[in-house]
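Shared chain: subunit A. Partners: subunit B in the first complex, subunit C in the second.
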Partner chain A sequence: MSSTPVQIVRYDNRALTNALLQTDLRPRVLVEVEQEWGPFRRNAARRLVQGGTPPQEVPTHWHWDWGAKSQNLELLAYRCFGIECDRKMQGLMMVLTAGKQARLAPDAGKPVVYIDYLESAPWNVIPLVVVPIYAGIGMVLMRAAIQLSLDEGFHGRVALHALPQAEEFYRDKCRMQGSGSDAQYQNLPYFEMTRDLAHQFLTT
Partner chain B sequence: MNDGKKTMTLNLTDAEMRVLEDLARKKDLTKTAVVRQAIRLYQMIEVRLGQGEKLVFEDEKAQKKAELMVL
Partner chain C sequence: MNLPMTQEWLLKMAEKEGNGVISVGGLVGRVEANALALASPATERGALAQLVEWQRRKLRWTVEDLAEKANVEVEDVLAIEMGEGTPEPRTLFNLAAEMNLPAPKLMHLAGLVAARDPRLEKAAVRFAARSAPIEALTADQAAALDEFVRVIAE
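Right, the complex of A and B next:
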């Protein structure tokens, strides 16, 4: 398992905090993370529902199971990244490095790194908690996906389908280009980081 | 991310090399990256077929579907 130093942000005082980006997580780690995240996520979602939060505002990924997703790592095409801080995993991202192609010009038909799943630890997610512990997790993971794309020779191209509550993050924070909802993928909106957008992301 | 890489010599026919070079040009990849992609995809197909799934090509316009048999 290799790792790189990165920085994330403490939510309460906006201080930069040293963390480690793990770039090749093994299935066992995902199973262990899920043992901690799963009950936290499900209990928080249950509290929201019981407290009268409208269903569309409850994070739709409350039922995710990284333990089950860990089986994907038996395939070479899958990689999993994680951000570790305070001896806890603060975010996870599973990507696919084969079988997905860019849809947008100028590189339509050329390979992309496809983000299959990206999640911040539930204690970093509003509204699962009122005050998160860390912020900036998604941006560090997106940077890692772009770097992987460059390493793979994909020129920074990254693609994904966004859950409704994450659309704003990918569109406005990551500045990915959207191409509308995808009828072939549960009508979720499709986003792509073209090579130019990837370059902008890394340089701004 | 590049740890533990091994080097090998690959013997290809002229036709196979032409296809590899065409794919590399079309996909804007190095020949090594094309081979890597091929291995990843082959493994994925092999595992999923082993789990009882099917690999199907579909032509929506012609309303045709064909199952691909992988040896």
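Right, the complex of A and C next:
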């Protein structure tokens, strides 16, 4: 398993903390992570419902199962990244490096790194917890996706389908280009990081 | 992988990110559930979600009330009401029994059976096209619910 040092931010004191970006996770690790994340997510969703949170406001990924997604890693085109800190996985990202092209101008038709799944550990996500532990997980994973795209010769191009509750993050904070709901993919909002937008992201 | 990031950049981007939901991926978690869900027209999944939610509210039950009465998980009821994934047949049978709805038609709406029923599909589209639910059923919503329940009970 290869890794590279990164830093993430403690939520309570906003201090940078050393972490490891695992760049080639094996299926067994995803199964182990899910054993920890799954019950945490489900219990948090249950608490929200018991507390009167309307169902549509409960994070819609509460029932995800990274263990089930791990079978994708049997295929060469898939890779899974994880940010490890405090001996726990703080974020996961599964990407596809072949077979996906940009749809939006000016990069339409050119190859992209496609983020198939991405999630921050449930203890880092409001409203699953009131006080998260770490921040900046999404930005570091997006930085890694762009770097992978650069390394693959895709010039930083990245694409994804976000959950509706994550739309704001990719549109307003990562400044990705969106094309609205994709009828071919569960009506989820589609986003692309073009070559130029990737450059802007890195030099923000 | 070489990943150069300055501390200034990391702090600024973490502040910008906040700690909201950043999840990417499909709405269902299991490959087999995904395949089943995709086999069912979206309008029917919408109709099932709306039917279960409205019928529960008509009975003045919370999600937890329904889950407890039907002996199913709260998460399963939530998933059905949110139109996500494909429920287990046992879950649908238990819910149908508690809510006095015909289980086979619920299975059809959930995409668990392949048989097509044009009349049910038409009624499901009409029902799913109703406006988003509010806390208490309006007279119009109650009438729409009654009409749909009448169709699926036939």
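Methods note: the second predicted complex is superposed on the first by the 204 of 204 C-alpha atoms of A that agree within 3 Å, B and C clash if a C-alpha of one lies under 4 Å from a C-alpha of the other, contacts with A are read in each partner's own complex, and residues count from 1 in each chain.
Everything below uses one rule, namely that contacts are C-beta pairs under 8 Å (C-beta built on N, C-alpha and C of every residue); 3 or more make two chains touch, one makes a residue touch a chain.
Model, not experiment: these values are computed from the prediction.
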Task: Contacts of A:Trp62 with subunit B and subunit C, given as first, second, both or neither - done: second
Open item on the list: Quick one: is A:Glu152 in contact with subunit B, with subunit C, with both, or with neither? Answer first, second, both or neither.
Closed with: first
Open item on the list: After the superposition on A, what does A:Gln184 contact: first (subunit B), second (subunit C), both or neither?
Closed with: neither
Task: When both partners are placed on the shared chain, which of subunit B and subunit C touches more of subunit A - done: C
Open item on the list: Quick one: is A:Asn13 in contact with subunit B, with subunit C, with both, or with neither? Answer first, second, both or neither.
Closed with: neither
Open item on the list: Is A:Thr23 touching anything from subunit B or subunit C once the two structures are fitted on A? First, second, both or neither.
Closed with: both
Open item on the list: Let me test your reading of the model: by the given contact rule, A:Gly99 touches which partner, first (subunit B), second (subunit C), both or neither?
Closed with: first
TODO: Overlap the subunit B and subunit C contact sets on subunit A and report the shared residues.
DONE: 2, 23, 148, 151
Open item on the list: Under the stated contact criterion, what part of subunit A meets subunit C in this complex?
Closed with: 2, 4, 6-9, 11, 14, 16, 21, 23, 42, 45-46, 49-50, 55-56, 58-65, 68-69, 71, 93, 115-120, 124-126, 132, 135-140, 143-144, 147-148, 151, 160-163, 165-166, 168-170, 173, 185-188, 204
TODO: Sort out for me which residues of subunit A touch subunit B in the complex.
DONE: 2, 23-24, 74-77, 97-99, 107, 109-111, 148, 151-155
- [ ] Would you pull the subunit C residues touching subunit A in the complex into a rising list?
- [x] 1-3, 5, 7, 9-31, 42, 53, 63-64, 74-75, 78-79, 81-82, 84-85
Task: Interfacial residue positions of subunit B with respect to subunit A in the complex - done: 1-3, 26-30, 33, 36-37, 39-41, 43-44, 47
